[in-house]
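Shared chain: chain A. Partners: chain B in the first complex, chain C in the second.
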Partner chain A sequence: MTTQPSREDLLKAYRMMKTIREFEERVHIEFATGEIPGFVHLYAGEEASATGICMHLNDNDKIASTHRGHGHCIAKGVEVHGMMAEIYGKKTGTCGGKGGSMHIADLDMGMMGANGIVGGGPPLICGAGLAAKFKKNQGVAVAFVGDGGSNQGTTLESLNLATVWHLPCIFVIENNGYAEATSSKWSVSCKDIAERAQGFGMPGVMVDGHDFFAVYEAAGEAVRRARKGGGPTLIECKLNRYYGHFEGDAQTYRGPDEVKKLRETRDCLKNFARKVTAADLVKQSELEAIDKDVVALIDDALAKAKAAPKPGPKDLLTDVYVSY
Partner chain B sequence: MKKPAVGIVANPASGRDVRRLVAKASVFHTAEKCNMIQRVLAALGATGVEQVLMMPDLGGIAAGVYRALQSPADSTSQRWPEVTFLDMPIEDSAVDSIRAVDRMMELGVAVIIVLGGDGTNRVVAKKSGNKPLIALSTGTNNMFPEIREATIAGLAAGLVATGAVPLDAATIQNKVLRLTVNGIDQDLALIDVCITNDYWTGAKALWRPEDLSDLFVTFAKADAIGLSAIAGFVHPVDRQVGYGLKLELVPPGRGFITVRVPIAPGLIAPVGIADIREIYPNELWPLQTSRGAVALDGEREIEFGPRDQVVVSLDLDGPVTVDIGKVMELAVEHRLFSEGFAPVSL
Partner chain C sequence: MARKITYQQAINEALSQEMARDPSVIVMGEDNVGGMGADGEKDAWGGVLGVTKGLYPKYGDRVMDTPITESAFIGAAIGAATCGMRPVAELMFIDFMGVCFDQIYNQAAKFRYMFGGKAKTPVVIRTMYGAGFRAAAQHSQCLYPLFTHIPGLKVVMPSTPYDAKGLLIQSIRDNDPVIFCEHKLLYTLEGDVPEEIYTVPFGEANVVREGKDVTIVTLGRMVHICMEAAGNLAKKGVQCEVIDLRTTSPMDVDTILESVEKTGRLVVVDEASPRCNIATDVSAIVAQKAFSALRAPIEMVTPPHTPVPFSDVLEDLYVPNAAKIESAVVAVKGYRE
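On to the complex of A and B.
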């Protein structure tokens, strides 16, 4: 069975990646004004990963994210107005403005949360995967993890658990080369994190995380396998982030012009646009129309987030407990 | 540089592609590559090789070998050659292999040992000229390199490098398929060029037979794994005969025959064949497909569109490889492993 994306899929993928990029570029600009409380960790440059994975997911599926979670939220369908308001700490935010950038969660969309705890997502998806297995609803659970998170005990225990319980889980390791400021070449004991999967008895594959088509194809096979009861998979996406670990990071650990070169040669959006137009599948004008739509969407989300009220004193005692 | 010297190129990146997911392709760990190199070093030392030039890498292979060199228990229990890690920039890509081979050629190594798959050997072959290669497979999905015990490969390399077994008695010239796009030399393949209806190089590997259209092979064995098995199961072609094959592939049930072949480890699939013909050097084979991707030795590498003219041709002057079995036969026949015997004289 082919996993070639249809023309409609291509347009959807471009819109998704462009929305993530525009969202992050605007947050980058706005954060510098000092209006955004807390920390933000931007996903710009990594869009092909979230998009290539989440294009295969449906409302039944769950994802768990990282501190760099905006892209995962958007790719899973979380509404950008709520996200922007959440980042601004406003009452209209996805979590009522109480979570901020690192804790955006939207369970209705299957988004189990960005997570300030490095390696916090994998245990969550083992639970979600177990639930899907018991319910026999063909649901799949995906955890996004960084290269730093891949070294955490929580991640390694989850890889083991997912295999032991034969769960429909996919562990997506987004290896952007740095755990905060530490190069993964120093902190990861093997060249490719995908190599570790075999030790846990699951397939591990590595793809170019800048290439939507590479991620999409591998993810399609992993999701299909999980839905059919084939068990967990680890996918390592080798990619790069355009900004620092957090906004304000001076990035003294990066080479001169490193990001400039990445933007010139490894930009997933530019490469995607070049490929689909060269193949005569999508017109440049169609992509430009999407660009325009997305800019207007983010403009609107930003304006509404700024204008929205902050949570009041009464909100202190709401959302404290969750009833199941 | 001390003579005789041997070069070692070990690709730290081999074997992580999507075939681990869609088939049951093997995973070859860095630690095992380190072990293989140490076995090679012991064998090279035993045959009198004085120096080894090794490609550095960021994947832990060179680091593992370096650690072993610092460990008296490893490096002095048997006589190892002096190992020099090439002083070169490391880009963590195929460029490293190209750069390392260039440097080894400049420094005059006698033999280059390549640890990797078809893809690694393809990269090395672009630069190795007539320098003999010993191609050691680090995986189960390869046809160009041999699956050999590294110690034996090291012995064969040492026997050739020291001149104990003459080169012309123990090497073979391989064929290659050359590819031009719009008249410009683009790349080469050692085993097969396959045209796929996929528009994108994507996850690189090919495992969906319904997407394949044309297949060119340099040789095709009846015990092949991978795309060349499609030809090998119908019309085997020897590695050293002066022609290759071109096949037109169609969905199963169409064409003149459908064969079930192992297109990847653990993945046996039916493939229809509409046409099969021999191809010879100096023949140009322009692709009839207007849009798709070209896979070289099993991995999609080049995307082409309606405005591109892709042409495939067979060349008999490919890389030179050492016939490990032949070297060992000659060595035993002439008692080179026994004390007091002279090198083979032919």
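On to the complex of A and C.
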């Protein structure tokens, strides 16, 4: 059974991808001014993955993300104004300025957190899947993991546990070719990470992570299976990031025109637009209207984040415990 | 109505009563059911020492076996806690924290603060600690100071069957992550435990013996060794006040300071390795906050800075005993008497 997105879905998906792209491009520009503190890891180039997966999820469903988490947050419905303010360390941020880029979480939206620890998310997602099973709410739990995280023991243990406990979990391995500066061709012991699924007794699929439609279809099947009690799935999205491991990374490990070529030939937004307009599913003018909306949204989020107050001294000591 | 049951039975009863009361309480751990996938009877084990035995027949799938995969299942307990469950996960030996510590200290402990106060992680990690079982260096440690060090965790150290039940029920109902430390030599200890449900609050130390001469602050199994020492010392005319901390995070500093203000002399007895342990922590607090009350240097009775040895002769030398505690008390009592 294939999954055909409706016209509304296509517009929603485009808006989601465009919002992620615009958010990341603007953070890239603003980071260079020195105003954003700490580390920032950008998701630009990988939008089709978060979007293709999260388009199938509802408010009962949970995701856990990575250090490169902005895209997953946006795709799961976390509000961009709070996210931008969080990245600036402001009191109005999603986490009150106490988490930052690497720890944006919004549990009400089912977003269980970006994660500063590579491989930190998969065990938590086993727990989210387990909770959904106990609550019998047909919830699905998705762990996003990078190619680097795919080698972590926590990830491999979680693949095993998800099968043993027959959990409604999906492990999305976003293989962008580099763990920091180390190529996944060197650090991953098999040709495709999707092959590992077989060893853990679950279906493993590999998709072109630049192609929204490929991700969307694979995710649709995995989500359906999980909701029906059919157990976990591993999806490997092969894709690329447009920026470095972190902002400020000179990317000396990449070819001179690598990113330029990717932007020209593999860009998920451009290819999506070409496909849907050629098939006459969506008009170019509709996409342009979304572009305009999104730019205005991110402009506003940025302006408000910059103007927002920082946390006060009292905030240092709050929220360590529920009670102590 | 109180009757005598063991520390182990008290823990089992707390789990059972909370599972009956609250359907979001689930229990998981290696061999917690005990027969999964084997031909033998389910509920054969109930955990390696049988602490959860009998829960599976009563509560079925809410008692779960796990593969030996601590990172994944401790992490899963934590993840499930953030999604509205109240999991009690058994980390068989505290020594095994090394293979799953990230999930505890980087994930569970930090969610609430990092996420701006929006997360709640009501998970309990029950774990067995302590020397004296001839279990050698990787199954005998007292690693509770490491957990106590981490903001966001609560650390519970019951010394009696009564406290084991009341503190465990409190731990399950508590909305923060709790590390519940059970001394393996206490499992067979009998004591009066009410049948009904009750809680023992965190951060309230128990003055288990009153005395005017020397304050002994201690915790866990060492409470009993200190009581033995205090009994011996009383016969020699030295009156010790023995304080059982019950929880190391939060810690009841007021009760310690009040006692030291009265006695002016402090011995801290801790089964954990001597550097950066509960003894050093209590000593630092007292030195800082009750300096003028002290009439003698603080004494600490701890094991030496070595791994736990296997041979019975060496292990007996390693663990603090009543004689060592008595010497420490005599030393502080005799200092500028």
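Odds and ends about this structure:
Just so it is clear, the second predicted complex is superposed on the first by the 319 of 324 C-alpha atoms of A that agree within 3 Å, B and C clash if a C-alpha of one lies under 4 Å from a C-alpha of the other, contacts with A are read in each partner's own complex, and residues count from 1 in each chain.
Rule of thumb we're sticking to: a contact is a pair of C-beta atoms (placed from the backbone, for glycine too) under 8 Å apart; a residue touches a chain by one contact, two chains touch by 3 or more.
Just so we're clear, the structure is a prediction, and the values are computed from it rather than from any experiment.
Annotation: superposed three-chain arrangement on chain A; chain B versus chain C shows no clash, the two fitting side by side. In the superposition on chain A, no contact is made by A:Glu247 with either chain B or chain C.
When the two structures are aligned on the shared chain, A:Gly116 is found in touch with chain C, with no touch to chain B. Set side by side, chain B and chain C differ in how many residues of chain A they touch, and the one touching more is C. Contact with chain C, but none with chain B, is seen for A:Leu107 once the two complexes are overlaid on the shared chain. Once the two complexes are overlaid on the shared chain, A:Lys185 sits against chain B while remaining clear of chain C.
Shared-chain residue A:Glu25: touches no atom of chain B or chain C.
In the superposed model, A:Ala194 makes contact with chain B only, not with chain C. Of the two partner chains placed by the overlay, neither chain B nor chain C lies in contact with A:Glu286.
Of the two partner chains placed by superposition, A:Glu79 touches none, neither chain B nor chain C. With chain A used as the common frame, the shortest Cα distance separating chain B from chain C works out to 24 Å.
Comparing the two interfaces of chain A, the one with chain B and the one with chain C have no residue in common. By the touch criterion stated above, chain C contacts chain A in their complex at residues 24, 26, 62, 64, 66-67, 69, 71-85, 87, 102-103, 106-107, 111-120, 151-152, 154, 174-176, 203, 250. Residues of chain A touching chain C in their complex: 62, 64, 93-99, 103, 105-108, 112-113, 115-117, 120, 122-128, 130-132, 134-135, 141, 153-154, 157-158, 160-161, 164-165, 318-324. Of all the residues in chain B, the ones that touch chain A in their complex are 12-13, 16-18, 20-22, 27, 29-30, 57-60, 198-204, 208, 210-211, 291, 303, 305-306. Of all the residues in chain A, the ones that touch chain B in their complex are 1-2, 4, 185, 189-192, 194-195, 197-198, 203-207, 211, 213-214, 216-218, 221-222, 225, 233, 236, 275, 278-281.
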